[in-house]
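Here chain A shows up in two complexes: once beside chain B, once beside chain C.
On to the complex of A and B.
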């Protein structure tokens, strides 16, 4: 099977800055693919390389096996949901959605009908006459989605699609986007800096750091088996243990990741480790306890209802041996 | 008395008065400019309008202060009407040429120029506005003169016959560039260009780059994006600029006097009628023409949706 999008050793330099540095990537057709990373990690540039708004300095990009070397954005069968939505302010919602069809020369009646269909797909029936300025953020986001889908792209690119929405709306849209992707069966590639969003929506996640891909895998690969210290720390703020601490925790002398929620307090006489509580952070669903052990700070997530130690208290810690995940020295 | 608030001075009390009556402060702030605009500006405009409904006694040359439309009828006399047609045609041509010349400059400045280039752009556009208008116009007279640099350069590159052919065009041609309508037109475009570039650039600056990308993303080529996205969003700026170039050309009486054929434009007609001829009513009627034309122009622009994006 040909991949929907392939990167072959792609770099994009801006002057001396290597925004994207020798990236190899294959995105399967029909998958929901997340590009996750902090700002400046190259994920947005990668998205723009797919849409064609950036050209690779070196390397090549293929979309459904076809080399995109000299294909401009308007000739690519991919469409984008922009971060700021980029709705045309002088057109009403219907004309915004129908824009792609207007460009193709589809006659007015047909394109308006099609626009109405897409508006109903994103649950905005009856909003066609309104101007973008009269819509809420969530509604604009749906219009941008409908507009990007009107040309029936085989790959839909979403640049921080939920970034501007408030928490509740964001969670609702996560479910909707996921359902929409399943229904349409096309490839979604979305960029986010929110690891929760990436883990909950994507089939596969690429974690970016400094213009390179640190790890590609399923959400549970990335979360449970981080390949590097960066991935362990960025995805779910794991405890990253230096080799000496790993050793004192009963492992080999290697870097390791130990998730805060995998650690439990124990009253047993020989705990796997001991730590002195330095800070407590109440999260609602639980409490994050910071402890000092072996000159290193580690965090423990105590679920709501379980007893929480006091600051200054020395507590015994234990965990399931499989929870200690060893990493390459990177 | 022991109070949490220290005793208040006069300024403090005044602040209190304004704080509790916010409309009072607004009224005080806008009163002087409102008086200036209302009395000095609108008042004199009303006086002008009134004068245009008077007429002049043909024998004594005295203004008859009685309401009549006779003076307006006089505007339609061929010799006067020609002046209006000539001026409006020139203003329209100057405006269209300014739009065409200003757009690429404004687009470049809004989209691509950053930092030092942007400063250079503003300097380049504004610099001509800092020097005397008269000096610029006289400089152009020399540039466009028969013995001037344009003729010299045209002959130097063997294009003398091209220049000759252009000047041989009836009506707009003439003995030399500086004595033809072409010359008047060129100088008008030069002098008013900044007034077109600046509002246009401001309008284009407000168009986010992502809109152009969205258009391309949806399959539009450059020309389609220009027509469907850039132009409609830049239209308020273009209209604003054209209000300047159009009305400034309609009212100017110096450029056509120094450069061009000796035939009158509206401004010159007003100038000579209220001066030597002493025909204030006709001068006033002439002066009303640009106002009416601008009102019609704005109404049409509004109807076409030029201000929808404001």
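On to the complex of A and C.
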């Protein structure tokens, strides 16, 4: 199977800044792919390299096996949902959605019918006559989505698609986008700085750091088996153990991660480690206990219903040896 | 409520006097277009008549300057529309070394006293051995007309935002289609306003014109000559009304067109 999008040793420099630095990447056709990373990590530049608004300084990009070297954005079978939606303010919603067909010369009646179909796909039936200014943020985003789908792209790019929405709406849209992607069967590539969003929506996640990909994998790969310190820090809230602590926890002298939910309190006489409780945080679904051990703070997640130690108490800790995950110092 | 307290009487009086001082002379010019007395501006006019409009209509020496002024204003604002828009498009989208300097150089002619612009153009024409023609006047006027259009357009480009143009390209539009379907509809009223302002400014320009016209006379220059050697004085006032309408109405229209954007730039020249 050819990959929908392939990066071969792609770099993009802005002056002396390496926004994207020697990236290799393959995005499978029909997958929901997330590019996750803090701002300035190169994820948005990668998205713009796919859409064609940026050109690689070195390296090459292929879309369905075709080299994109000299292909301008308007001739790529890729469409984008922009972060600020970028709807055309002087056109009504129907003309916004039909824009891609209009510039291709599709006659008015056909393109209006198609626009109505797409509006109904994003649950905006009957909104065709309105101007973008008369819509709410969530509705505008649906229009942007419908507009980007009108040319039946094989790859849809979404730049921080949920960034401008409030929390409730964001959660609802996560489910909807996921359902839409499954229904259309096309490749979705989305950029986000929110690890929760990336983990819950994507089939595969690429974690970006300083213009490079720190790790690519399924959400559970990235969450449970972070490849580097950076990934462990950025994705979720794992305990990152320096080499000495890993050693005292029974591992080799290497960096490691140990998830708070993998650690249990034990009354056994020879626990794997001992820690003094310094803080408690009640989360509803459980309690997060902060302990001090070997000069380092680590967290333990106690599920609801299980006994919680008191502050100042020294407790024994244990975990499944497989939970201690070793990683690179990067 | 305190905030709705009336302003002090002195302030109101000052404002009224100020407005009268600004606008009474204009009304007087209108009034003297109707006076029956044609040698001196006697007040009050002995009687009122509309015959000067007929006289002005039949005066052969008014028409060539009027045509020249209209032609110069039309060509300069047309030129300014093309050059100003292109310049604004480049400035709004590109980031390059010296961009701010170029932006300043584009806007500079409007800050430069007309007499400097006029003198430098005149000596440039003399050095290059260019004979005076309609085109030398147009060149002179274009220096400030381009600025007006540029200022209007650049403000609108800024509001348009880069992502909208990218969205258009992303959906398959080529640059011409993007210009036609996205840029122009959003730029339209700003361009119309800029063009009309430029037309109005060119139509009543005297200083730069004096240096670049040679023996030709535009309508404002004809008026200036007429005031020095009076002959049928009220005819000059009739022409003043024409100039007033040709410049005031476009400026008013430009103001209303861009009112929502608050960007009628360059109205102060």
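Note that in this section the second predicted complex is superposed on the first by the 327 of 330 C-alpha atoms of A that agree within 3 Å, B and C clash if a C-alpha of one lies under 4 Å from a C-alpha of the other, contacts with A are read in each partner's own complex, and residues count from 1 in each chain.
Note that in this section contacts are C-beta pairs under 8 Å (C-beta built on N, C-alpha and C of every residue); 3 or more make two chains touch, one makes a residue touch a chain.
This one's a predicted model, so the numbers in the text were calculated from it and none came from an experiment.
Novice: After aligning the two structures on chain A, examine chain B and chain C and state clash or fit.
Specialist: Superposition check on chain A flags a clash between chain B and chain C.
Novice: With both complexes superposed on chain A, which partner does A:64 reach: first (chain B), second (chain C), both or neither?
Specialist: Touch status of A:64: no partner.
Novice: Is A:84 touching the first partner chain B, the second partner chain C, both, or neither of them?
Specialist: Both chain B and chain C are touched by A:84.
Novice: So which positions on chain A get touched by both chain B and chain C?
Specialist: 51, 53, 72-75, 78-80, 82-84, 86-90, 99-100, 102-104, 147-148, 150-151
Novice: Which residues of chain B touch chain A in their complex?
Specialist: Touch residues, chain B against chain A: 208, 210-211, 213-221, 224, 228-229, 232-233, 308-309.
Novice: Over in the complex, which chain A residues touch chain C? Could you list them?
Specialist: 51, 53, 72-75, 78-80, 82-84, 86-90, 99-100, 102-104, 147-148, 150-151
Novice: Name, in rising order, each residue of chain C that touches chain A in their complex.
Specialist: 161, 163-164, 166-174, 177, 181-182, 185-186
Novice: Residues of chain A touching chain B in their complex?
Specialist: Interface residues on chain A, with respect to chain B: 51-53, 72-75, 78-80, 82-84, 86-90, 99-100, 102-104, 147-148, 150-151.
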